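Report on the following structure.
The chains carry the letters A, B and C, assigned in the order they are written, with residues numbered from 1 in each.
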Amino acid sequence: MINSLKILVTALIACGLTTKVLSAEEINSDLVSNHAVFILNTLLFLIGGFLVMWMAAGFAMLEAGLVRSKTVTTQLTKNVALFSIAAISFYLVGYKLMYPGDSWWISGYLGPIFSVTVLEPVGPVVDQITALDSASVGSDFFFQLMFCATTASIVSGTIAERMKLWPFLIFVVLLTAFLYPIEASWKWGGGWLHEMGFSDFAGSTLVHAAGASAALAGAITLGPRLGKYKENGTITPMPGSNMPLATLGTFILWLGWFGFNGGSQLALGTISDAVDVSRIFTNTNTAAAGGSLAALVLTQVMYKKVDLTMVLNGALAGLVSITAEPLAPSIGGATLIGAIGGVIVVFAVPLLDKLKIDDVVGAISVHGVAGIWGTLAVAFSNGSLGVQIMGTASICIFVFVLSLLIWHVLDAIMKIRVSEEDELNGLDNSELGIDAYPDFSKS
Amino acid sequence: MINSLKILVTALIACGLTTKVLSAEEINSDLVSNHAVFILNTLLFLIGGFLVMWMAAGFAMLEAGLVRSKTVTTQLTKNVALFSIAAISFYLVGYKLMYPGDSWWISGYLGPIFSVTVLEPVGPVVDQITALDSASVGSDFFFQLMFCATTASIVSGTIAERMKLWPFLIFVVLLTAFLYPIEASWKWGGGWLHEMGFSDFAGSTLVHAAGASAALAGAITLGPRLGKYKENGTITPMPGSNMPLATLGTFILWLGWFGFNGGSQLALGTISDAVDVSRIFTNTNTAAAGGSLAALVLTQVMYKKVDLTMVLNGALAGLVSITAEPLAPSIGGATLIGAIGGVIVVFAVPLLDKLKIDDVVGAISVHGVAGIWGTLAVAFSNGSLGVQIMGTASICIFVFVLSLLIWHVLDAIMKIRVSEEDELNGLDNSELGIDAYPDFSKS
Amino acid sequence: MINSLKILVTALIACGLTTKVLSAEEINSDLVSNHAVFILNTLLFLIGGFLVMWMAAGFAMLEAGLVRSKTVTTQLTKNVALFSIAAISFYLVGYKLMYPGDSWWISGYLGPIFSVTVLEPVGPVVDQITALDSASVGSDFFFQLMFCATTASIVSGTIAERMKLWPFLIFVVLLTAFLYPIEASWKWGGGWLHEMGFSDFAGSTLVHAAGASAALAGAITLGPRLGKYKENGTITPMPGSNMPLATLGTFILWLGWFGFNGGSQLALGTISDAVDVSRIFTNTNTAAAGGSLAALVLTQVMYKKVDLTMVLNGALAGLVSITAEPLAPSIGGATLIGAIGGVIVVFAVPLLDKLKIDDVVGAISVHGVAGIWGTLAVAFSNGSLGVQIMGTASICIFVFVLSLLIWHVLDAIMKIRVSEEDELNGLDNSELGIDAYPDFSKS
């Protein structure tokens, strides 16, 4: 009898251990297992990451379509090179600078410069994963890198057709290794803007307005293209050479933006996250639709003819606008936020021309002005307008001032602008010696 | 002793509770948890949705490549705008019209017009999810929207080079808010065709033949392009301006179709669903291969030279053909169904020309004739031929008649066709004032 | 008392049964369920597969951009057709030839030729799945097919501008039905190279160097394009007609490569796999970045001007180089492996020109030389250099010799090269009769 009880107790202890493992809090037949959460979060970063990587191609096509045929090869080269540079800068410096961890203040700035990104070991055992409710370091690095690269992509379009290749590439090194990671860390690295309650879901300001600020500094330093602004006040149209490419680029960006905003949910391991990512996809799409239609209607009303480049930039402005808060708005709200972005672009592009700031593809209007609008619009749903203004201003001023400094230093060292003759002949001739369309370009 | 037993019993009750939670029906170590099913289903819709969204770019590139260079910008504008319009129409009216829920008949038609789509709240608690074996509303809306947009994309190619921008866009509003959602609800909304057993897995008829019916009505209303059909009976070839774009568009559509058909499995949370989605991917791919090779061989045999545009349309016809039933056939069967689609296109395109119906990109043949073929071919594996014929006929006639009516009303109000002079100069000049290729187009 | 014990024992048995089902080894609240593992593995193949399918478009665009405008339509036709042929060849013969299962030696070669690929039945019950730790047959077939098609894509670029359409397509049939599946089975089918410990993660040699070997045999058989190598030793530059297309193609390939290498992990159902796939994504990206920047800097240093086509081929060479082992290296190591790939291409391209081997797009250098480099570089992290050399040599020689034989037989039967007049007029004229750019091409 005692013996039987002994067996029973032993069995019960075993049974008890099992029930402990499977207690309601630790496992529930409804819930996703811890490992599955980790895998799904990682998968979201990987899918989001490859979609945002695809945006690099979108910028390349958009810009190649909007510049004149004599600078297309240079524009393409800049886009491929800036993406490659971002990959290496972010690995060597940027990622650790952006996510300094606990030591955010001092060592957060000094330490990372001397250490590179290290991923988890191959096929890790569970206890090497720091947080099962997170995602793999590799997927996080991959995803975040693409945001860094996007910031640089924004710059290349504005300063097209007159800037030399190499000064641009050197600027990209500094932007992707230092400028972007530092300002992005203020929010996403848990820095002072984060502590103040600044809200920027996927980077209307941290990525887009920041990139536009760097671009603006470049455009001011460079000055406009030869002949763009005549002395008599007229503006010479310099139409893009390939509308299908510009449209393709816009569609690529539109597609990639699902990864940009959706991946910024950072998690897919719970039904809440799945619902939220779905909201974000829908809102992102409808904001682009609102932006493009607003520009379509507005250009028809204002100029009596629809302007495709405005429609494309309107869609992009809608996407930029919703990026600061793609989750909270209803579909209708998101459409409206995007539509206002589209309206902004239709007014901002000619305004910049009046200021004689020559932004070849309209990136300052699309990513800068609409980015600021989107960041401030967060105040409608969550966050305070004051904090939003302060955050946006801090980042834009920080990036603009340092960029202006860098552009001027580069100009002093190596002259960032090509000669007049080279500009008139086209950068493809002077900088690269390869025509984009040797068989059929007039130029 | 009694005491020990008490402890034992208490422990057993706890143990028993645990075993209850983990009973075979509620949880099984093999099965996927309820929440994971919901997440995986949602993920399928999101991935499928972004792939089908990408098809909008495919149509834009295909059509931009197949029209003459003087109407490329207009064609691109139409494609971007129609996609944007679909997003907003489907949100405002279409989605609720298409899925009226229980109240399918009367209130199903009147109610939705006055209510917009509402998603789940942000980060919902579990009890706000209506069905854990389903997917998030946002992901479903996102996915279904793309089908609605695809229907409109099919129309734009056929009526290219002669229709004004604005009447086309007004038509798209009506098509995406009413026509498509109503006929699609007959099957996918649980309507009368669904009850009769009509089978159309991913929309060979509901999407493709429906879009082609609207396009046919447009082509008939518009008449052919100037000079296309000479009085002496000869047909003037009007070759597409950019074969790489047309090919790129085809590849984009091919890629997007994995989302189109694969996502239409609607679920990925069980191994059965995973196996089925895999079958669908394989069959979709092989049907496209069959279609393109059939057109390749047939044009070689019939015309002694391979015709790339036919090869591309053959691939698309293969994809359209397999869309009504991409799951049931074997790989060989799917290849054959696709190949017959390819053959159909090679014969349908010149036949339409003989009827003097000017379909600029071949969309009526590809999406209409091959779509009908695919829907009828379902009878080989499941479903009755009679019901398939009735369903296909009902939808095509419904869309065709209403579209014809709309086109004529629009024509009466605002004339849908550009002037002869504008057509000869090209729509890019008259409608938009932006050349697609200003640097190197002859025209 | 006895009674109570009876109840207790009964309860304990029930409890014990449960604990058995849920024993630590079979289920753990942390672990992913067996079915979820199967679904996630399948999902990885499907995502990986559609990304690699997209590479077919990448090759088409890259090659269309790098050939002269008078052969663009032919180049596009070849690319669409080869992908379609691969789909059907691999279904009819290749897949079963490549994975002969247990009967690898004799029946492995004879059996498959008479049996086609059969997928799991629709909606299978669990016991029809052979291995829950694997993935669906459909997803595996879909994924592996894309590798087979990639091998053929590599060939088309090298032999461009002078080979007839039909002999090329016949070669593709043989390559995708027999040559590729046989050599790939040596490693991935569990064949003799696998048994010897040869290591080629995603196919630097099995896919890329193999494709390049077939291309080299074709280039030698064909001879160079007319006028390419002048008698006085000078080499006539024949610049590609469309740099944006070439760049787009490169970005597409770069994107697709995440599927190519990431999917080759073959599993996503454990956190180890998720971490590994993340490492692979990051390393793949950084290798491309390293390759493109190496080529950028090197062409600047060597030729005083950056060469975009070299930058693009450098990125591709980086991708090819890391393909044999994208998992083990650190990010820095992967960057270096890719960069060396980029350097190799800058030297290999002019070297082939010196040997008067006319490789129109540089595929032999990119996929062949860099592929061999990548395969040998595996020895740094795992595997023996001797075995790597033997495996690489075996595969390259096998494919090269058989390809040379096939090209010569085809040449004897039907002449594989177009006439001089047709070559000068352009293949689009002679082979297809469709201009790629009828509205604006000079030629």
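Criterion: contacts are C-beta pairs under 8 Å (C-beta built on N, C-alpha and C of every residue); 3 or more make two chains touch, one makes a residue touch a chain.
Computed from a predicted model, the values in this text were never measured in an experiment.
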{"item": "Copy pair subunit B, subunit C: interface residue numbering same or different (half cut)", "value": "different"}
{"item": "Angle, in degrees to the nearest 5, of the Cα rotation that carries subunit A onto subunit C", "value": "120"}
{"item": "Between subunit C and subunit B, distance of the C-alpha-averaged centres to the nearest whole Å", "value": "30"}
{"item": "For subunit C, residues contacting two or more additional chains", "value": "8, 12, 15, 18, 22, 33, 36, 43, 47, 242, 248, 437, 440"}
{"item": "Interfacial residue positions of subunit A with respect to subunit B in the complex", "value": "5, 8-9, 12, 15-16, 18-19, 22-24, 28-33, 36, 40, 43, 47, 51, 68-70, 239-244, 247-248, 250-252, 254-255, 258, 262, 268-279, 281-282, 285-286, 288-290, 292-293, 296, 300, 305-309, 311-312, 315, 327-328, 330-332, 335, 437, 440-443"}
{"item": "Subunit C contact footprint on subunit A (complex, rising order)", "value": "4, 8, 11-12, 14-15, 18, 21-22, 26-27, 33-36, 38-39, 42-43, 45-47, 49-50, 53-54, 56-57, 60-61, 64-65, 72-73, 76-77, 79-81, 83-88, 91, 116-120, 122-126, 129, 132, 135-139, 141-142, 145, 165-166, 242, 245, 248, 431-440"}
